[in-house]
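Two complexes follow with chain A in common, the first pairing it with chain B and the second with chain C.
This part shows the complex of A and B:
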C-alpha cells in the first residue's frame, strides 16, 4: 500500500497536488529533506490525533479541527528547524508554516476518520514519502545542475558550468514538467505491459 | 433530538478548545526548552555579519579593547584575516552607519552602508557600488577630507555623505593601528614576563 502511494498514486506527479512547495523550495536537497520530513511528521501526528478524537469531534468541525492540529504540529516543526537548521529555515521561509494548510496534508488527514488506524497511517506515510521523494529528486537535479553542489558540497569540479536557470522558478517548473511527463510515459509503457502479462 | 445535536456540537467545541490549549502549552514548553539554542544561533549569526565586508574571515569576535571615536563596534576575524569596523557618522540629514573591512595587510576589502536615517535626497546616492568600490585595496588616505583628495571624487549632490564615508575609512585605519599597537604591547609584555621568569 505504501509503495503504491509513493509511485502509482504519487501526490505531486500523478495527483498534481502540492505544486507550490515543489517548485518554490526545491533549490537544494537540504530544503527538500527538511520540508519532506516535516510534512510526514505533521501528517502522521494529525492523522493519529484525528483518529483518537474521531468520536468526539463532529463531522462539521472536522476540517477546522484538522487545521488546528496540523497548525500545532507545524509550529513544533518550525521551532525545531529554527533552532537546529537556521539556514535551512531562512531558505524555506513561509513554506514551513504552510505545511499546516498543504492540500496533501488536509486531504489525507480527512480519510483518517473513516479508516482503520493502521490503514490511515500507511496511507499518510505513503503519500508523505511520495511527496518527499519528488522534492528530493527535484532538489538533487536543481542543486547539482544549478549550483554544481550536493548538500552544499561541490561535486562538479570540471565539466559543464552550472545553469542558474534551474535555481529559478521557471527552472523548477521545467524539472517538474519533465518528471510528470516521465511518470506518465512510464505508467503508459509499463502499466500496459503489466496488464498484458496479467491477461495472457 | 435537538439536545443531542447541541451536545455533540458543544462536545466538539470543548474538545477543540482543549486541543488548542494543549498545543499552545506544548509550543510554549518547546520554545522554553530551545531558548538556549536560539540565543546561540543569534550569537553565531551576529558573528557572521562582518563576513559581508571581510569574506576571508570565518568567525568574528567582538573586540573589547579601546575603540576610536565614532566606532560603535569592531570585530576581529578569528583566523587572523583582518578586522571589520562599524562606524557611526552624523551629517546634517541624519546618521549613517558604515562597515569597513580591513585585511591583515592593511588593505580595505569592502565598504558597506549598513543603514542611513534618511531615505530621500541626494545623500542617499552614496549607497552605490561604483562609489564604494573606489576604496577597495587602499592602504592609506592622506587628505583631511574628500574634496582635498585628488584620487577620490564624491558622489555628485552627496558631497557631505561621501565625506562621511571617507572619514569612516580613515577611522577604520586608525582602529586597525590601535589594535596592532595593543597586540604589539601585549607581545612585548609577554616577552618581558618570560624573560623575568627565566632570570
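This part shows the complex of A and C:
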C-alpha cells in the first residue's frame, strides 16, 4: 500500500498537490531532505493525535483542529532545524512554517478520523515518502545542474558551466514539468494504461 | 509616500509571490480557468492577504515581540489566518450567493493557501510599519490576481493549440508556460532597480 501511494498516487506528480514547496526551495538536496522529513513528521504525528482525540473533537471542528495540531508540530520542526541545521534553516526561510498549510498534510490527515489507525498511518507515510522522493529528485537535478555540487560537495572539476536559471523558480517549474511528463509517459508505457487515474 | 510606492511595485512585479517566490502555485495552476473567474478568485485572495496581514501584524508587534515569543508565530498565525479566510469565505457566500464554485474550492483557496499565510509571515520578518505592511499585502494581492488573469489567458491559448505531445498535455505544459511568465517577471527586477535607485 505504501509503495502504491509513492509511485502510482504520487501527491506531487499525479495529484498535483503541494507544488509550492516542490518548486520554490528544492534548490539543494539538503533543503529537500529536511523539508521532506519535516513534512512526514508533521503528518504522522497529526494523524496520531487526530486519531487519539477523534471522540473528543466534533466533526465540524475537525479541520480547524488539524490545522492547529499541524501548526504545533511544525513549530517543533522549526525549532529543531533552527538548532541543528542553522544554514538549512536560513535557506528554507518561511517554507518550514508553511508545512502546516501544505495541502498534502491537511488533505490526508482527515482519514484518521474514519479509518483504522494503521491504514491512516500507512496512507500518510506513503504520501509523505512520495512527496519526499519528488523533492529529492528535484533537489538533485537542480543542485547538480545549477551549482555543480551534490550535498555541498563539488562533483565536476571541469565541464559545462552551471546554469543559474535552475536555482530560480522558473527552473523548478521546468524540472517539475519534465518529471510530470515523464511519470505520465511511464504510466502509459508500463502501467495498466488507466488514463482516468492520471491527471486530466 | 515614495517608500509605499517602492514596496507596492516590488510586491506586484519584482517580488511577485507566485512566480518569483513560488508561493501559491497550486491554486494558480489549478483554478485559473477563465479570465473573469480568475480575476474574482484573485481579488478574494488579495482581500484575504490584506485582512491576514492587518490582523497578524499588531499581534506580532504588541504581543509576541515584547515578550520574545517569536517562536510561537507559526502556532498563532496559521490558525488565525485560516480563521480570517473562513470568515471571508462565509462573507462571500452571504454577499454573492450566485458565486458557486463547487464544494471546497474557495475554502482551500483562502484557508490553506501558502500565499496568504506566507505574506503574513513575510511582512512581520521585515521591519515594516503597519501601513507599509498592509500596503505590501495590497501589492501582493494585486500581483496574485495579475498572475491568475495572465495565466488564464495563456491557458486559453494553450488549450486551443494543436500538436502538443500527448504526455505534455494539461499540467506539464501549463508548468512550462508558468516558467516563461516567471522569467518575464524576474526580468523586471533590473528595471525596478533602475527606476527607484
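Note that in this section the second predicted complex is superposed on the first by the 191 of 200 C-alpha atoms of A that agree within 3 Å, B and C clash if a C-alpha of one lies under 4 Å from a C-alpha of the other, contacts with A are read in each partner's own complex, and residues count from 1 in each chain.
Everything below uses one rule, namely that a residue touches a chain if its C-beta (ideal position, glycine included) is under 8 Å from a C-beta of that chain, and two chains touch if they have at least 3 such contacts.
Not measured: the values here are computed from a predicted model.
Student: Put the two structures on top of each other at chain A: do chain B and chain C fit, or clash?
Tutor: Fit - chain B and chain C, as placed by superposing on chain A, sit side by side.
Student: In the superposed arrangement, which partner chain does A:104 touch: chain B (first), chain C (second), both, or neither?
Tutor: In the superposition, A:104 touches no partner, neither chain B nor chain C.
Student: Decide which partner touches more residues of chain A, taking chain B and chain C as the two options.
Tutor: C
Student: In the superposed arrangement, does A:57 touch chain B (first), chain C (second), both or neither?
Tutor: The answer is first: A:57 touches chain B but not chain C.
Student: Which partner chains sit in contact with A:24 here, chain B, chain C, both or neither? Use first/second/both/neither.
Tutor: second
Student: How wide is the angle at chain A between chain B and chain C, using CA centres, rounded to the nearest 10°?
Tutor: 70
Student: Touch test for A:79: chain B only (first), chain C only (second), both, or neither?
Tutor: In the superposed model, A:79 contacts both chain B and chain C.
Student: Now for A:188: first (chain B), second (chain C), both, or neither, which partner does it touch?
Tutor: A:188 contacts chain C only, not chain B.
Student: Kindly classify A:147 by the partners it touches after superposition: chain B alone (first), chain C alone (second), both, or neither?
Tutor: After superposition on chain A, A:147 lies in contact with neither partner.
Student: For A:35, decide between first (touching chain B), second (touching chain C), both and neither.
Tutor: It touches nothing on chain B or chain C.
Student: Which partner does A:68 contact after superposing on A: first (chain B), second (chain C), both, neither?
Tutor: Both chain B and chain C are touched by A:68.
Student: Can you give the closest approach of chain B to chain C, taken over C-alpha atoms and in whole Å, for the superposition?
Tutor: Nearest C-alpha atoms of the two chains are 8 Å apart.
Student: Just to be sure I follow: which residues of chain A are touched by chain B in one complex and then by chain C in the other one?
Tutor: 64, 68, 71-72, 75, 79
Student: In the complex, go through chain B and note every residue touching chain A.
Tutor: Against chain A, the touching part of chain B is residues 8-9, 11-13, 15-16, 19-20, 23-24, 26-27, 30-31, 34, 37-38, 41, 44-45.
Student: Using the touch definition from the top, list the residues of chain A that touch chain B in their complex.
Tutor: Residues in contact with chain B: 49, 53, 56-58, 60-61, 64-65, 68-69, 71-72, 75-76, 79-80, 82-84, 86.
Student: Of all residues in chain C, which touch chain A in the complex?
Tutor: Within the complex, chain C contacts chain A at residues 19-26, 29-30, 71-75, 77-79, 82-83, 108, 111-115, 117-118, 121-122, 125, 165-168, 170-173, 175-176, 178-180, 182-183, 186.
Student: Taking the complex as given, what residues does chain A use to touch chain C?
Tutor: Against chain C, the touching part of chain A is residues 16-21, 23-25, 64, 67-68, 70-72, 74-75, 78-79, 94, 97-98, 100-103, 106, 165, 168-174, 176-178, 180-182, 184-185, 188, 199-200.
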